[in-house]
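Right after this note come the structures.
Shared between the two complexes below is chain A, which pairs with chain B and chain C, respectively.
So, the complex of A and B:
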């Protein structure tokens, strides 16, 4: 009850015409920034930071968190419409949303993902409001062994993203790990494979995804002479507002995604990207139609979208209660809190409770605005695509090149984007799965650091992974995932052989 | 095995071999754990072994697709993608002179004319509008110095 009364005080602070306008604008700006390839939540918040200088603490934080939430909604738009994820968590959205687009159901994919994002965001906010201090208190019990095993569980989902050939999946996973080893090694401080100074910080992950998914798709479509036939611009509500059957199909995955996204969002360092991959793997594992994944399956779209947005309030929990940023976006938020003269840490809720609760109230408001604006803007996005469909290849190329340039304001990341664009094209042409590659690029640096730290903590012994109760539990979970996947594959092969004995 | 898959595997194998050799410059183990050479070396070797396995597996499943005529046809089909990639690499090289949008505009016009079947006026107009919108968003609104 205390949480609710605090929230009401927060709403009292936020519900002024100026703050409402700020929150609405922040949501829209975040949506557009998130939709642009190359610009994710970190870039969105960083770009808006100078605008907050003259504002009150509550207004400034509402603006920044609104942009943060908006980018999570926006990332899905280009992922679904042109297979160019605006940010890393939207990669999974592209896996299911783009096939729906190709089947002429792009507007519906946007509608379903908007509703799932809203539910996920709302669930995450409810947890943030009621359970923040309780849940965050458990995060301090996690050490390097547990973090490594969490990353390893993520990597184990390669088996679920593998597609037809496990050998090819392992091959691209190993390649992804190799790509991730470029740059500074944070355990020893040494710099690996930095052939040029730009590689000291490693290969920019965003340049990789822009190339792999955006440019790779364009090159493949140019070869196959794929042309979108979306017809002339029109407006039909039935096209983009999900009906009872779509909502029924999306309901359970959305709820599962909301829970998973919030829980993983709370774990510092894991973030929305890891959460969406894990949720996608979970949905595929428990689906009655796993063969439909990658072809426009609603549960594979709704679950990860809810996860993605639930991870935002989730990642704010350790930031607010412990002062630990759980992601790149919250790291910039941490800077903003300090900039406003607040002291992030366990005492923040006591010393600056009114501002924190105003920020949370602003997030609740932003989530409602974002649902409305994203549903209402679907015809704009779809009709925009219909207008440019004859020149889509060039529009995507322009966004990819300029998006890659904007990462470091130099052509270096354009080279990286081009190399991975060609790689993405060759992967697609020869049926190599891209999911395991991206998963490895995301998780391997974290997993390597935590693994080596854990072994150092155990004074050279790997027994540390089984001696700690939480790490042992995660280890058992990982073994179950791997065993379940192997068993599932063997069973599927046996069933196929029984149906087609001549194979 | 397709020629494109062979190119992919050989390129990745070369990349892995280089990293494998260069990872020898870093310590594999330390007094209480593993050094910075541990992950790159092991995964470079794993990549090489898995690449070799894929090649061996594909050789067993050799089909008519490797016949010279099939290779020629496949190359002709892949030409637009290869040409677009080559144009983009050349344009990126030119971007080091200062402008990003001008070389990009040239590539987009060539793609429009040769691969998308647009007329010259349509190609110039459509791509100028596209880049004007990109310039407005990135440069004017977001203050990213793309010119």
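So, the complex of A and C:
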């Protein structure tokens, strides 16, 4: 096992008191940064970057990857506690975690999601350690046609997030597509709806998420005078450390989520987002209680949360094997590698293998620290929330404003956040689902660009979608799923008719 | 908007920088002198004005591409050599053939804490789309060199030479970054100079182009030496032609387009521009910072050589004039290719 011995050498590099302290601190900092709405992995890594100057390569990279991993753990905290997801992958966490919080099981939701995050992260790392070169050699065969189909599958999960009215879901999806078309388009170089110069960049979807969920929720709660169910200030361990029954319920979804996250995390752009939505769709589909989804179902929380964290090592695979970053966070990691004097590319593992293995060992270590600290800190988070409970609306609004401002250090995104905050309130008040809206905003532009690229690659012919084996496989799977659900529905109707012949 | 107004508008913006030039040259001269005096007399005060907070390097293309690696190398070397006492952050504002980054920088008018890497798309994008901004809206700082274009194919490809490639009868897929980019222009010139039927596909950044060529999704790519160097070294890609007038030292085995009978000598320039309307002191400080860097040995070793950039540095008004001339060339080429927006 060459990978294993390399990993051991990596651990040898990392296991110094200084590096262990750094990884621990990085995890905590990442957790806090990730918990703040608007600040995600990109911001966390960028903030830490100046601190790494003067450190050895291994220490510096451990600090950055530790923060990256930490933000993925932190992202769930505000999503569960105050329904303010900081990034697109955390939306699903809010969807199931916040209802648990409202039922007084917020601590347990945090506990379960921490364990799921840990398992997902560790699984992704194992794949990264043993299979990175193999996966990378296949991943390059994914191109525009496959990416387009994946985005289309992701968009199709709108159906599952629709809630009661399909028509309302359709309406908000179209609205989301419209919002996503703002700004410049690299395929044609043309610019759409840029009424003010800031709009040339398009509308930052993180500002939309902060407004829609964070501010929208506050406005709605103010009207309803919602009181959070926080339980007693002193916790028994059983309230936040998942027991055998919870773990049993979460085990299978966590494993499924880990596999899905690692694989789809490799897809550039929106890998983690698509993966969490797809995993949620999968869990809802195979669940025995699909009607409980959206009301605090453990499998709907654990699966996507594992997916989310498994996508971190997944997105590192193209970075360390090919030098191609797949997400905002890994893009900054790429910059860090260059700044440490390494040359990311196909020869990175040959020229700087020792440092990369030290970084991977650091990630494994960070994952263990993060599980421990995230479980132990649950009472702190909940009691922190209890202290600010009476001023919660003010605190959340302040966090939303700061988060929106920090996206591009300009007040423009605060306005965007406010506009979508009001929209989020109106959506919620009138029972329009927000999930389809945000999914359309994130995925529609990617789908559009990949579609045009695919047709251009096919020299004007759409046949490219069926000529490429992977693309054809995805198409066939899509047809089978649609056929399966139509057939299933027909069969269910027939069964009902047979039971109640008079109806 | 009619075509007539469009041309008229561009003409008037073209004239204004020329008029400005005279006044600016005299201004820069006197302020430059005054600046030296100021620095000598009250260095700390001048230093407090700029930079007063971290400087941001703005890359108009995705991470891993030419803009990004250039700025990140600059940032690292500037910090290592203490050329400035504030941290430098590199941000990627990708998309729209650099229009996104131009919009971003334009929104920061008067603030000298932003330095954007520019290449030929800085000239081409305003001509091919309606973004309402062009190079003359910004404050040109320096050109650090020119960057040739390579025609590369996958090593498994049947094409061993440009001559062989020119015999191809099928339509070939060509990858490059963004519509209206220099890669696009090279592709159009190649199609025009030969009988080839070329289908240009815009990608978002060099990383995507490299992946597409690795997996044979495209038949050839037009790319700068930097992003493909490792793949050329490891014999995964083969370079068939280079767009310089003579062969370059780093790639002595790659023949030029011209010696193979195809008249393409258009290269990317690599330069830096700052936000609109910054003070002349700040402009001088930025110029000083980058030119000091360009003279260091580390810069030669770690950027110029590995990226096969030909280091021809020009600054200030000379650079602004160069941009003006480049725009004329582009206007002509893009007009011929029927790519002008108006």
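The working rule: the second predicted complex is superposed on the first by the 475 of 503 C-alpha atoms of A that agree within 3 Å, B and C clash if a C-alpha of one lies under 4 Å from a C-alpha of the other, contacts with A are read in each partner's own complex, and residues count from 1 in each chain.
The criterion applied here is as follows: a contact is a pair of C-beta atoms (placed from the backbone, for glycine too) under 8 Å apart; a residue touches a chain by one contact, two chains touch by 3 or more.
Source: prediction; values computed, not measured.
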When chain B and chain C are modelled together on chain A, clash or fit: fit
Of chain B and chain C, the chain that contacts the larger number of chain A residues: B
Contacts of A:402 with chain B and chain C, given as first, second, both or neither: first
Contacts of A:335 with chain B and chain C, given as first, second, both or neither: second
Touching partner for A:498 - first (chain B), second (chain C), both, neither: neither
Contacts of A:185 with chain B and chain C, given as first, second, both or neither: both
Chain B versus chain C as contact partner of A:143, first or second or both or neither: second
Touching partner for A:414 - first (chain B), second (chain C), both, neither: first
First, second, both or neither for A:394, with chain B first and chain C second: first
Which superposed partner A:459 touches (first chain B, second chain C, both, neither): both
Partner chain(s) touched by A:168 [first = chain B, second = chain C, both, neither]: first
Closest Cα approach, chain C to chain B, once both complexes are overlaid on chain A (Å): 9
Chain A positions touched by chain B in one structure and by chain C in the second: 185, 187-188, 190, 456, 459
Contact set on chain A toward chain B in their complex: 32-33, 36, 39, 47, 167-168, 170-171, 174-175, 177-178, 181, 185, 187-188, 190, 192-193, 215, 218-220, 222-223, 225, 388, 390-391, 393-395, 397-399, 401-402, 405-406, 409, 411, 414-415, 418, 421-423, 425-427, 429-430, 432, 444, 448, 451-452, 455-456, 459-460
In the complex with chain A, residue positions of chain C that touch it: 62-64, 68-69, 72-73, 75-76, 79, 87, 89-97, 99-100, 102-104, 106-107, 125, 128-131, 171, 173, 178-180, 199, 201-204, 207-208, 210-212, 214-215, 217-218, 230-231, 233-234, 236, 302, 306
Chain B residues touching chain A - in the complex, by the definition given at the top: 2, 4-5, 7-8, 12, 15-16, 19, 22-23, 26-27, 30-36, 38-40, 43-44, 46-47, 50-51, 53-54, 57, 77-78, 80-81, 84-85, 88-89, 92, 95-96, 100-101, 104, 107-108, 111-112, 115-116, 118, 126-127, 130-131, 134, 137-138, 142-146
List of chain A residues in touch with chain C within their complex: 46, 49-50, 53, 140-141, 143-144, 183-191, 194, 197-198, 200-202, 268, 322-325, 331-332, 334-335, 338-339, 341, 343-347, 408, 410, 412, 449, 453, 456-457, 459
